[in-house]
């Protein structure tokens, strides 16, 4: 037995190495981004106006709150959990911004901070008691909705002008939505994939025990992820408030399923830790733009729900297929 | 670090009990600065447990642990052992599948900070990797989930040796080489020796005894939680270590003797070649022609070999190939190494009772009757009286203690195992498949189990018995010894001594176990 | 072997329990369904106390209406109990579609009751089979797989309901509301169904397999059960039960409507949890589910008679679910 | 509705047909489905007025509806009519549509954006009318059960406010219970059935639409006698139930009231008027037109009950002339019209 024998595994063929390199260069974010670009391209082809600065703003602005919601959900899914309450949470944020903030900004901001703390506490409860996140967040969704209705029994309120103009900020040179989209995507992507704690957070979702053994606090990681989710929920609520100018407890109910779909389409997996910020934003664009595209093509309104569901199924079937092919190829 | 003490680690009188299992029993040993030592012992001897007490992951019950001259009571845990210079590679891998290699490095390397945290961590890790495993072929941007088990193990091993904020003083490696090939293993030990010369102390557990003898300075042998002997590696041989491990077995066999071998192999109406073939295993031989191994009705066949060499895979293939009704035949089942065909139905006893055995929410009775429900139902309903009668019968036959209405988790480990035996035996299937069924079972009960199995065989039940305790293979009619997935020898139960089995499983030279079981679990 | 005789503590004679009053009381106190029953009775009595009348009629009405929830809930319970993150979000859509199908077939005619019910149940079974295929063969998470099926059913219902309108058969309608003295027939049927499924879950080999697979699929697979098949069967069962609940609900309200099943999607999950079943699978408590359904049904009534605002109603419902979950003992946690 | 407005011979000289889209928040109940159908029928039957039309549906999602509106703008529609997800959620999107010159008409469930024209039901009047009827029937005295819609939405709030303002004038009329029927017959039935045993004798029931039939069934099943005055909500189920009750007890009196799905056609016609500068529509005070509620008195009951399917809701199609008269009434400040009470004959 000699120590000079160098090769521990059979050398890889050039093609194999190239494929591996491609696989890493085009991570899970690649397919959804491609899909978003294709959908957007189709929309431009059908209605060239979409590509104009006004068009971009019209098409993309309503997606900004959804993108924040998807990012919020992404943090929860990164923790290996699922959040069925994010829609009501965003609705509550919207109501607080439209009703409490105009009267008393301090009370409003304290309330919003309280909401973040509540989310952190929920994360701790789920982590420490080993509770199923689906049911806990489902129960909490009723609580958020109830509190919102108590604050604002019927939709109304007036969002402060400052918030409205901040959200609708649109320098003519570059469409405002493009600025927000870029800043948010880059910031989250940098934090999640290029910061050390981001790596710890992703690691804690996939193998909490391993991360704990490496000397990190798993509870703190869980809390961080829930706090991040809450903060992005608040941002989603902020943008919804600015865009609509008023408060509505029910406003974001549909975000629950859309946000989960966005993360999954964006290359995320329920296994935890497997998320990508760029992918999630692309996933949000896909699920958000899909409705518009179906509308441009002229799909009947009754079919739109099924069409969206079908796309989700197709994406997952496709991914299952890809995984299966890879597995078969590996065993051959 | 405190240089006043020549000993990096002193363990004194540590004990640790898990419920009814005394995993570590008054263990003491010492590791000197810059020394490589090994801990050998059978499965469940307590190796992993004592190491976890040493690094402070779990609290022991009594004793003291002194690291670098700083003593602590063993019943405390340590939140950050890495800050004391204690690094560990655990038996179960602790890497995060979703991270890249350089990110993984950074999670271990607390010195990698700032903007260039990834490149710093990767640089630190690669420096070790390149030397520890030349030609490792690991790229920094590969995802852990895409790496082979061997490469993951390389990353874990290397990560313990990086010079982070606190330099490593004591490195604990729990079966670090279990999936490395010979060349990697060699370079790995070479690296360890180099670091030892710099003053790093290393503790290694491994079931590859020659590795210890060739590379370490001293070897402690554990059995049943006790540190029984200490050997200098220079003078040690595989036989001497096995004897140290086996010595205990001989002692215990004096306490509760295994039925003497004459009973096992020669008496009773043992099956002749005339009786019906129940299991047929076919494997390609060296010369290309296929070799066939047949198991006949009423035989007790042992599957032996080193852990991870395909015995378990073959046993499971027999289970999957068996039919759902007595006497029925199913299409043969192919594994990587065998084509398996079975006549008749089977019942399976798993030794990994936590994962593959008990239903923890149920009481003992429901656990026992589960596999026999087919014959306990009338009009689709389970007949309570018949169920109670069956449970009662097997309570008596196996001498199970306690109430059948208690939750199964309230039983001691050995008793749980008996309940699982009862579940499988109560089926009355053509085949009884045993996966290390006496794991955690005491000697007296073991003898009862052996007796019972011989009774079953005499009644015509065929038994296939995978065991990691080579001693008990002497209860078999024949033993199939596995190596690298294939059956390499067939010996009679009488010849199945510990030494014989070990010699055959090593085949004269060492082989890395292949990752066969991993694929099934 | 002589070891048996030499063991003094061996108790060969008594593997069964001594049912003394004390042990029975202990068993009741530790029973996971207890909180649901206590809560149900407390809410019932509270309604009676506040209203000062109609104690018997309140529980009787509550039991009738809870029966729809009990029927869907049983299907949901099987799906949850079979484990692997099992959850069926398609039940509400199945209910609505089945209601339309059954009413079209019944068309107000008593002769068609059986056909109507069978078709509705079959529709549910087919939906459940599709979910099962997506989950077990494609490997989708149950949450996503059943929701996708739900979306498809929603669209089918929207389009289909535009072309046909049916009315439930009067006899079936009467059946859901008739009473013998103070006893509501349909409520009794609900109890019978619950008992039947409790028997199936606890006293048949199929039910035992459901719980076994939910506890430890690997262990079950080594004890001659086939986890994928057992799990698939739970989705099929859930679809069928939702179909049945849909027909009954349509009959109760005379005919179908588009929003018929909506409120049952989350309520069916909530009652399973309230009843003491484990959301992680392995333990299903049908008695608790029944009590949980009556509890949840009466809870809104309590809120209504106290004239509690809509906001508080939501808060109390949500907090109750989280609280029950947080307080419930996880029998596996201590290991 | 079928032949709505095809007779309108206001002439098409100098006016152009419009390209119009309907954005609907939710099509999961029968009222909304009929509403979409009315729009499509009117648009299809009047190619001289409508050159192109489309219906989009955001499946219960307010933000998605906002996005759909913006996509419709890009698609170049002249007019977008909107049954809004919420009073506030779409205001941004509507404002942007107005900014690029699209005519926006919100109807039924309104959005508050200033630039949008509104076709409204006067839901407060809804509540006032039914409460007044009840008070008159009961002689200003009795116990009332209120079957409300959905907690936290404006329609529920308006009807409730209108009704309670009337009841407050009658100190002897008391609301003894409230349930949320969610504008769904089966839910109303369940909630009423549950609360009945704990209520004292109920003399009258106020409802909010598509919930009277279920409520009636609940009382019948409970065997309540005498049956309270249950205001019906124009559903086929409710009217049939009322017919049956009246057959057994000719003295039983009640009424039926609800909004009409054909309001979508009014919104269509208003868009046409606005774009073609007809009928001074642009001078509407508060930019608001009121669409009539449909009240079905006892004498019309049987005709409507015959005309409706079990799950249908009563409505009359809206012709251009009718729409024009609503606009005129609104400009003149006349009270809200009550629709022609008989079902269409075809």
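By letter and in written order, the chains are A, B, C and D; residue numbering begins at 1 in each of them.
We adopt the following convention: a residue touches a chain if its C-beta (ideal position, glycine included) is under 8 Å from a C-beta of that chain, and two chains touch if they have at least 3 such contacts.
This structure is a prediction, so every number in the text was calculated from the model and none was measured.
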Label of the chain whose CA centroid is most distant from the centroid of subunit D: B
For subunit A paired with subunit C, centre-to-centre distance based on mean C-alpha positions, whole Å: 33
Distance from the mean Cα position of subunit C to that of subunit B, given in whole angstrom: 43
Subunit B and subunit D: spacing of chain centres that average the CA atoms, whole Å: 73
Touching two or more other chains - residue numbers and ranges from subunit D: 27, 151-152
Residue numbers of subunit C (touch at least two other chains): 154, 158, 309-311, 313-314
Chain-to-chain touches, reported pairwise for every pair that qualifies: A-B, A-C, A-D, B-C, C-D
Subunit D to subunit A touching residues, read off their complex: 24, 27, 36, 54-64, 66-68, 70-76, 85-93, 96, 100, 112, 151-154, 156-157
Residue numbers on subunit B that touch subunit C, as the complex places them: 319, 324, 345, 347-348, 350, 355-362, 365-366, 370-371, 373-374, 376-377, 380-382, 384, 388, 391-392, 395-396, 399-405, 407, 409, 423, 427, 444-445, 447-448, 451
Subunit D contact footprint on subunit C (complex, rising order): 47-48, 50-51, 53-58, 60-62, 64-65, 154, 158, 161-162, 165-167, 177, 249-250, 252-260, 262-263, 297-298, 300-301, 304-305, 307, 309-311, 313-314
Complex interface listing, subunit B residues touching subunit A: 57, 80, 82-83, 88, 90, 93-99, 103-104, 106-108, 110, 112-113, 117-118, 133-137, 139, 141-143, 146, 148, 150-151, 154, 180-184, 186-187, 190
Residue ranges of subunit D touching subunit C (in the complex, touch as defined): 27-30, 33, 151-152, 177-180, 182, 184-187, 189-191, 193-200, 213-214, 217, 221-222, 237, 309-312
